[in-house]
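Per-chain residue numbering starts at 1, and chain names A, B, C and D are given in the order in which the chains are listed.
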C-alpha cells in the first residue's frame, strides 16, 4: 500500500467532510434577517468544526509525511478509524448547533472530539511502532504536551457543559487555538535529519 | 486508459460513498439522550457499512496494484459496475438502520453486499483474463476461499434474517471480520516476483 | 494550466456527480417490499444516469488524453461548461424517476442529455482548434457518426416522450448502449502515431 | 507541506462545493412545467454561483502555480480561510434563489462574495510576503485593478439590492464577466521568467 494513495484517500474524505458539514446549515424559509438569526448557533458550530477539521487535515499531513516505511494493515486501519470519527463531525456539529449548545449535544460533540483525538494518537502510535525507536516521528513527538493536554481538556469540557455551556464552548475554542499553531516539532526533526 | 486515473477515480467515488453515508444519520430534533436513542440502529449499521466500504477500498487497491497491463474497456466497465453496487451502500444502510434491522431491509442490505461481492469477483476475473495465466493476480488469488465463502454467507444471512434478525447481522459482522485481515496473498505473490 | 490538474478536477466533479445522484433515492419509511416498490422508477433512472455519467467520464478521459498542447482559457471554460450540464444529472434523474418517466420530466432529462452532448462537442472543437489540423484528435474523430447521431436521437426522444414514454426511454437506453463501446477511434489514432 | 497536496486538497473542496450546490435545486413534486417554473430563480442563482466557483478554481490555480517556495502555516490557513468562504456558496446561493433575489438574501450573497474576495486577497498577500519582493506573483499582480474593483462593486451591489434587486444582480453578473477572462498577467510574468 503506497503512502501517497493513503494520503490521497484521506485527503478526499477530509475534503468531503469539511464541505458537507455546510449542508447542515439548512437554507431558511423566510427572506428576512429574522429567518437567519436562529441559524447563528449552527453557523458558529460550523466555524468551530471547520477549524477542527482543518487542524486534523494539517496535522494528518505532517504525520504521514514523517512516515518513513510502507503502509501496513495496522496503519491503514488506524487511519480509517481516525476518518470514522472525523466523519461524525457533520452530525455532531449539526446536533450541537441545532440545539444552541445544549448540554447533551455539546457533550456528544466533545466525545467525538475526544475519540478523534484518541484515534489520532493510535495512528501516531502505529506509525512509531512501525518506523522503529529511531524514527523521525518518535523524536518529533517528544513529550507531546498538546496531544496529552487535549483529551484532558475535552473531558473537562464534556463535564463542564452540564454546568455552563459557555465555559465548555470556551474550552473547545481554546483547544482549537492551541492546535492552530502548526506542529513545528515534526518539521524541525525532519530538517535536522537533513531531508 | 492509465491505471492511475482509474485508481484515482475509484478512490474518489469510494471516499464520497463512505462520507455521504453519514448524511443518513439525520440530526435529531430533541436535545436529550432520548432523541439520540432511536438513532442507535442507524449508527450501528453506519459502522458496519463504514467497515465494509473500508475493506472494499483496501482490497480494490491490492487488486489494481496487481494489474500488470493497461486498462481495457472491459476492466473499466467491470470497475464501474463494482462502484455502482458500492454506491447503493448509503441507501441500503439507511433503510436497514431506519427500520431497526427488519427482515426485508436487512435482506436488501445482504443483496447489495452479494452484488458488490459478485462485481468484485467479475473485476478480478477481467483482470486475470487480461493479464494472462501467468499473472501475479492469478497466482495470488489461488483457491480464494474468502471470495468463495462470502457469497455463501451473504446468501445464508439473507435467508436467516426472516427467522432471526440478530443471526443475520452476526453473519454480516463475521464476514466483515474475516476480510478485515488484509489480503496478504497478493502482497506475497508480488514480493515473490521480486518487485 | 496543466492538463493533469484539469483532468483531476474534472474527475473529482464527475465522481461526486455519479455518487450524489444516489441521494435522490430517498430511504423509504416502511419496512416492507411495498415501501420499496414506488422507488423502482427512481432506481431505473439512477441506473441509466450512472451509465451515462460513466460514459462521459470514459470519453472525457480519451478526449483529454488526445490533447497535445497546453490548456487554454477556452478549453478550460468549455470543460467547465460540460461539467455544468453533467451537474444537472442528479436533478433531472430525480425528477424523471419521481414522476415515473412522465413526459415533461423525461423531456427535461433529454434536454440535459442534449446540452451535455453539445458541450462535449464544443470541448472537442476547442481542443481540435488549439491542437491544429494535424492533431491526433482531429484524425481520430473523423466522421464521428456517434457524435452526430446522438443529438438527433435525443431530440427524437424529447419529442416522442409526449406520445409514448417507453419509446423515449428506449431511445435513451439505445444511445447509452451505442456509447458503451469505448471510443476506439482515438486509441487507434494514438497508436498509429507511434505513442 | 508540499504545494501539490495543498492544490489537490483545495481542488477537492472546490469540486465538492461546485457539485453539492446542485442539491439546493430540490426536485419538485409535480410533473408539469408549472412545477419547474418556481425553480427558475434557484436555477439562475445556481448558474451564477457555478461561474463564480469556476472563476475561483481557475484563479486559485494560477495563484498557487506562481508560488515559488514551500507552503507555510500562514499560507495554509489563508487558503483554508478562502475555502471557508467558498463553502458558504451553496447556502447563500440556495437562500437567494429560494427567495427570488429578495434584498436581504441577495445582500448576504454579496457579503459571501466580498469575504471570499477578501480571503483571496489575503492569500495572495501571504504568498507575496513569503516569496519576497522579486516574486513572480508580485510582478504579475501589478496594479491588480480587477482585484481592487471587485470589492467596490460587491459593496455597491449589497447597498443597491435594497433599492433594485435587478441592478444588484446585474452587478454580480458584471463582476463575473470581468473575471471570466483568465488572469493572463500571471501567465505572462511566468513566461517572461523563462519557465
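The rule is simple: a residue touches a chain if its C-beta (ideal position, glycine included) is under 8 Å from a C-beta of that chain, and two chains touch if they have at least 3 such contacts.
Since this is a predicted model, take the numbers as computed values, not measurements.
Farthest chain from chain B, judged by C-alpha centroids: D.
Superposition angle, chain C onto chain D, using Cα atoms only: 90 degrees, a multiple of 5 between 0 and 180. By the residue-number overlap criterion, the interface of chain A with chain D counts as different, with under half of its numbers used by both chains.
Centre-to-centre spacing of chain B and chain C amounts to 27 Å, using the average Cα coordinate of each chain. Rounded to whole angstrom, the centroid-to-centroid distance between chain A and chain C, based on C-alpha atoms, equals 38 Å. Contact with two or more other chains is made by residues 8, 12, 16, 20, 23 of chain D.
Chain contact topology: the protein chains form a single closed ring, every chain touching exactly two others.
Touching chain A in their complex are the following residues of chain D: 1, 5, 8-9, 12-13, 16-17, 20, 23-24, 73, 76-77, 80, 83-84, 87-88, 90-91, 94-95, 98-99, 102-105, 108.
If you check the complex, the residues on chain A that touch chain D are 7-8, 11-12, 14-16, 18-20, 22-23, 25, 27-33, 36, 47, 50, 54, 57-58, 61-62, 180-182.
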